[in-house]
Amino acid sequence: MTLRSYVVSRILLTIPMIFILLTIVFIIVRVLPGDPVLLHFEKMENPRAMEEMRQKLGLDKPIWIQYFDYLFNLLRGDLGKSMQDYSPVASQILSAFPATLELAIFSMIIAVSIGIILGVESSKSYNKPKDHIVRIFGIVTYAIPVFFLGMIFQIVFGVGLRWLPVGGRIYPTMEPSGLRIPLSQPPGGFATHLLLSCVAGLVAVMMCVVALKIRGQKTTRKTLGLLVSLFLTVWILWALAGWRFITLGELRISTGLYTVDSLLEGNPYKFVEALRYLCLPSLTLGLVISGVFIRLTRSNMLETLRLDFVTAAKARGLKEITVTYGYAFRNAFLPILTMMGLQFATLLAGAVLTETTFSWPGLGRYIVDRINFRDYTAIQGAVVFYGILVSLVSLVVDLLYAYFDPRIRL
Amino acid sequence: MTRLEVKRSMLASIVPGLASLGKKGLAGWLVVIGTLIVVSIVFMTLIAPWITPYDPSTRGINVGRPLTPPNPQFPFGTNDLGQDMLSRTIAGGSVMLQVAVLSVIICIIIGVPLGLFSSYVGGMLDRTTCLVMDSVYAFPGLILAIAIAATLGRGVVNMALSIAVVYVPSYFRVIRSQVLSIKETPYVEAAKSIGAKNRTILFKYILPNVVPSIVVVATVNFADAILTAAGLTFIGLGVEVDIPDWGWDLANGRRLLPSGVWWVITFPGIFIILLALGFTLVGEGLSELLNPKLAER
Amino acid sequence: MKITKVVFGIVIVVIVIAAIAGYYLLQPPKEKEEEKPPVEEESLLIMGTTDSVESCLDPARAYDFFGWEIIQSLGSGLVEYRPGATGAPGDIVPALATSWSVSEDGKVWTFNLRQGVKFDDGTEFNATHVKYTFDRGISIADEDGPFVGIGYGDIIENVTVVSKYVVKFHLKIPFSAFLSLLACQASYIVDPKYAPFDAVVEYKEGDPRGSHPMGLGPYVLTKWERVAGKDTEMRLEANPNYWNATGGYPKTKTIIIKFYADSAGLALAIDAGEIDIAFRQLSATDINNLKTKTHLKVWEGTGAFIQYLVLQTKRPPFDNPKIRQAVAAAINRTAIVETVFLGQVQKLYSMIPVGMFGYKNAFLKLGDPNYALTRELLSQLGYNENNKLSFKLWYETSGHYPQSPQLAQMLKSSLEASGVISVELEGRDWAAYRVSRRNEEMDAYILGWYPDYIDPDDYIYPFLHSSGGSWLHHNYGNPWMDQLIEWARGNTTQSARENLYGQIQDLMVDDCPIIPIYQGSAWAVTKQDVKGIYLDITQSWRHWLVYREK
Amino acid sequence: MEKQLLAVEGLTVEYWARRGRVRAVDSVSFTLDRAETLGVVGESGSGKSTLGLSLIRLIPPPGRIIGGHLWLEGTDLLKLREEEMRNVRGRKIAFVFQDPMTSLNPVKKIGEHFVELIRTHEPKTGREEALRRAEKLLNDVGIQSERINDYPHQLSGGMRQRVMIALSIALNPSIVIADEPTTALDVIVQAKILDLLKNVQNVYAMALILITHDLSIALERCNKILVMYAGQMVEYASVENIYNKPQHPYTRGLLKSIPNIELAEQKLEAIPGSPPDLLNPPRGCRFWPRCPSSIGKCREREPQPVETEPGHFVRCFLHEVAGNESN
């Protein structure tokens, strides 16, 4: 199969999947409970208000017309109206989503890094104490409820050590909106900032190194390294030169991801603040998800490590890190990539609990709030959004798979 | 594999002789330890009415001073209503276990026949079912469960139902892939050639072969169901607060933890983790034992 | 390989140097800071809460604690309570009115308004605004709002503009607590530019100014983020046009309010030093714990907050006062106070809080608890150990009131201890709870009350008067009770009122539509350097007095 | 330059499985001179592949070398640190594996394999230069240099084995170990690959250790032959001696099973039975259950290798008389 026909068929397959998903959600939220309005009001005590709500939400029509309305509205990007105040659900979801996305991305990075590093280590010392410890670590983190772990982190790192904030997305004065206020001293000590910015820098550099190791290409290696250093130097110089003009007031929003926005603004201080607030939630979520990646990396690595080309590579005297990552891991990577797509869904689900624990104003908290308000139309909208999102992510992952696997690429 | 061998391998995997399992290395030990954990927790919950020192329900309010730290009289301390945490911990597993067992049963009742028939029959039916199952499978589990639980309302059965819907596809997928491979094995072909009925093939040849996989999925599913149930309770979709339940104690203990009251969250928390851990260990071990590819080199 | 190593080495060094340099450069220069004006002027306070504005910030509808807290900072009334008020007559001080007089019969009040006061948009304040405010509130008559709840229409005949700065109120009855009423947030003056006469001002996304009709208060609302009925962020900034701005108010220029999902999150945040003030709701355990922290200060208010159990009188089982009394007799207030609230609240045997004039411990005669009485009353109606009186007890679960699930469990436990009652608990989020209340689906439900104005009338009329209590949806109405209440609020003689309130409370025990449980106070926890907090009998939070000590 | 390149003394390898220890290579000794070709012959499971891997210390766990010496130009390889050993692999001793289909990294282009190898051992070489060398090497083994940008799956099996050979000679090692280099290939290709090996061996003046189960190949292309059975060396001698006067019954059995075109009437004889389970090797000589000429003490004691004539070693009681029976 050529790459093009694969891509086309994969995209075409996504359409019925989303359609089925939409139908399932519709059945669960609209058809199964009979009448969401009745559910919203609990009892038939206020028929006038109920009738009004039905009319405003279009729930007075026959169910199949409602279904087509629902599908048609979705095509226009309309996820329905909230039962609470008839406000459009789509815009609320879109404003809450970047927070969740940012949390999900960072958790994923943490989970995958932990999973890959520990999984590779574990597979290299197969059946030795190190292997057993890593496996048990993976199983235990999987069994810990997210909010339990989150709470422990809050107590230890927030209240006890005071290293990291326990709730919110960024220091309150930097919370974005349209106005600026004079700065008072933001929190956090010298050591934390130094440490975090260094760690962030090192992580970036490490990622480049790993990326290059995996690609193993010489020319790109030089250029990439230069590019990275150029980017960092420009950013830092820009920030340093312009620090007098940097306001530590509100963040300018362009993507909604605070880490990205602060970089776009060229404001390292805000970036560090955003990272600090991200630390505990993403670490919590990342740790819980990491078990799956550990297990997956380990078993795939065990298989590839036994393959001939790994032994052949060793016999050629290649360095261990090259053999482990460039040979064994690079071939074990594709299933992990697929798993990343699947785990993205788990991650979004885990984010619901994490967001509540860390007062993180994302989609998860939105959905919990909507449940408390018995706002079924909004719940439906949010669930549909999650569904479409997950389908698209798995589509992207599959396409990436095709791109990365040279055997499919041709 | 002959049918006899199939049965034997089934027995070996389902009824783990503890001693022989221990010899199979880490995987065996995982199963042994996991089973021990699960069995003891289930046993504890079953005999809870006779062994709780105090009433774990609202009738046991104020048996001690509120928020007494662990001491000889109250080894697990008391909560903010002066209820004995030991009693609540002993009795509190019933909700989780009921939800988990119920959801697994529902999953098996729906998922197994669906997987068997759909993949055996094949064709359009199979493709459609597959697509539906894949759609649900790709969905963030907890979110779907939340949506269903929110429409159904609180309570054990509703929790179980909402969790079951989420996990049916896991059963379906596993069974389907198994059936597809077993369908092609020589002994099924042979049975077909001597004119065995479809029903016979399905139940006598294929079903026994997929049982081990079902067992593995179910044990893993138990752990997931427990964690999902804890999550549902945490966001207020659990059972009513006057029923002793680890989930509620965890949510309540979270409120108390900032005040240094560590014992209300810790003990039920440990038991939830232990229970989920137990099932995960069994699942992990079993899947390794049944998938000998990596078991020994 | 070598080149790459060098490049990465450079990058790491650059990052480290930049991090160190950046940190020092970004720190506000020390010398400069000392040249700045005093901290009180330039300062910022971050407040955390689990509250949320319930419906809107329009005094014509808003009737919730947090809504009033914000309204109080965005607007002003003709008069206000002195900080630290105790309920004494001298506690009411001039605000937008500088002086006032009352006619002999107590039915006509004349107010002289402060001159030269401007709304935040520069409009000059005058007597027409006062008339507009009250006419509007009474004519909108929002069924969930305070104008109906307090019964403005039953008190005020009309408002007349005498001159630009003189306004006259003509009352239907010689309402004794009229000055108190004018000090409450429902009586705050609105800006006609933002407040249409016939519609309530609702939240408008991205338009904080257009989301409330006030404009005479110490603060302006510069940010109000709200997602479908739940606040996510709020910011108050000093209003330069505030009539008392020359007096140095507000003391803190900016106040940011952060919203937490639950009391645990709030307690963690204040303990971790991320917020300066935590106000509502912290649980009793949090308070006890935070009291031990040296970096924090715990402020206890005067107890004027009450919680009570409402019974649905329109249908069985609680259409029979005997049953209602039986339930009242089975409530163990001691256990609630000592266990649920760790002794931080006190038992309440009347709707009027202890310490206010007119208080009578009327419910004590039903016992605390008196299970014998419960059994006797119920056995008359055929209930016994085998045929228990069973009903659902509803409570809210979202932390709107402190420790509701615990209170509900305790109530269940104490009711069931009678042996003849069986209770099923049913929890609802506050938003759903309100809807359920409006739909009258709940038989027995727990509610709480903060005073609107400091007078026993505010604890009686909104609950026991057939029209004033309609917001409760308990369908209680007793003509004799209505008569007594109307006499009591329309009388200016202290002793006569005291006598009437005594009768009202006795009658309330007989009818028993509502069972008082406890009275408590608001608690606030702040950093040690936060000053200017007055949690007086009004229970209101005065943002403009709070400041950070240098 | 010394003539002797490699001297193996008493090399012993064990696998520590859960059910017990398996001695996969049991005190094997041999020497290898420069540009010499040694054939290691044995059935599958005889330990010949393990022997090959143990020469570059790459026994997969749970195997480990528990004794012996590996003298390469006077250095004992077993005493080297792992990092030093890594420098030996590929540069001094190269390895060609059995299955070319799986011996190349499927996600790396052919050229990349060379660049990686060359630049690992010679860090100063530039990428471009390494690619140029790769093209030349590929030409040497008969592959067009454009193939450098192909992925392994785009090449046929024979081509891949050529690539493997090119890779093994890239750094001009002194020894190439080829482990059944032709087993996985078509018969026609087999000969070509073997010729290629022979050819490059001559051009690059390397020693070659050819591990094979096919005695005829070894007889045809080697100078010396080491016959292995059940982890033990049973006979080690020059090709002429093996062919003309095989001494061990197993070697004789192997010779009889070779088809010979010249002898059309020849009756091919297979050795009856199958190799022993190394977990429970038979007491005494490991070959006796299959040995046509076993005697009483074969079941009692294990025979030790004896040198029946210079350079001819055999492990059999039948020949002990000829040598010294000191042990």
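Going by the order they are written in, the chains are A, B, C and D; count residues from 1 in each one.
Convention: contacts are C-beta pairs under 8 Å (C-beta built on N, C-alpha and C of every residue); 3 or more make two chains touch, one makes a residue touch a chain.
This structure is a prediction, so every number in the text was calculated from the model and none was measured.
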item	value
Chain at maximum distance from subunit C, centres defined as averaged CA atoms	D
Busiest interface, counted in C-beta pairs	A-C
Separation of subunit A from subunit D, taking each centre as the mean of its C-alpha atoms, in whole Å	52
Cα-centroid distance, subunit C relative to subunit D, in whole angstrom	89
Whole-Å gap between the CA centroids of subunit B and subunit C	46
Subunit A and subunit C, separation of their C-alpha mean positions in angstrom	39
Multi-chain contact residues (two or more partners), subunit A	127, 151, 155, 159, 306, 356-357, 371-372, 374
Touching two or more other chains - residue numbers and ranges from subunit C	262, 264, 268, 271, 397, 429
Sites on subunit B at which at least two other chains make contact	25, 236, 254, 257-258, 297
Subunit A partner contacts - residues on subunit D that touch it in the complex	53, 56, 58, 60-62, 86-91, 94-95, 97-99, 102-108, 112, 115-117, 119-121, 126-127, 151, 153-154, 164, 167-168
Subunit C - residues contacting subunit A, complex	3-4, 7-8, 10-12, 14-16, 18-23, 25-26, 28, 42-44, 46, 202-203, 205, 222-223, 225, 227-230, 232-233, 235, 237, 253-254, 256, 258-262, 264-265, 268-269, 271-274, 397-398, 429-432, 435-436, 438-441
In the complex, subunit B residues that touch subunit C	58-59, 61-62, 66-67, 80-82, 236, 240-242, 252, 254-261
Subunit D-facing residues of subunit A, complex	126-127, 216-219, 306-309, 311-320, 322, 326-327, 330-331, 404-407, 410
Subunit C residues within the subunit B interface of the complex	262-264, 267-268, 271, 283, 285-286, 288-290, 335, 339-340, 342, 397, 403, 405-406, 408-410, 412-413, 416-417, 424-427, 429
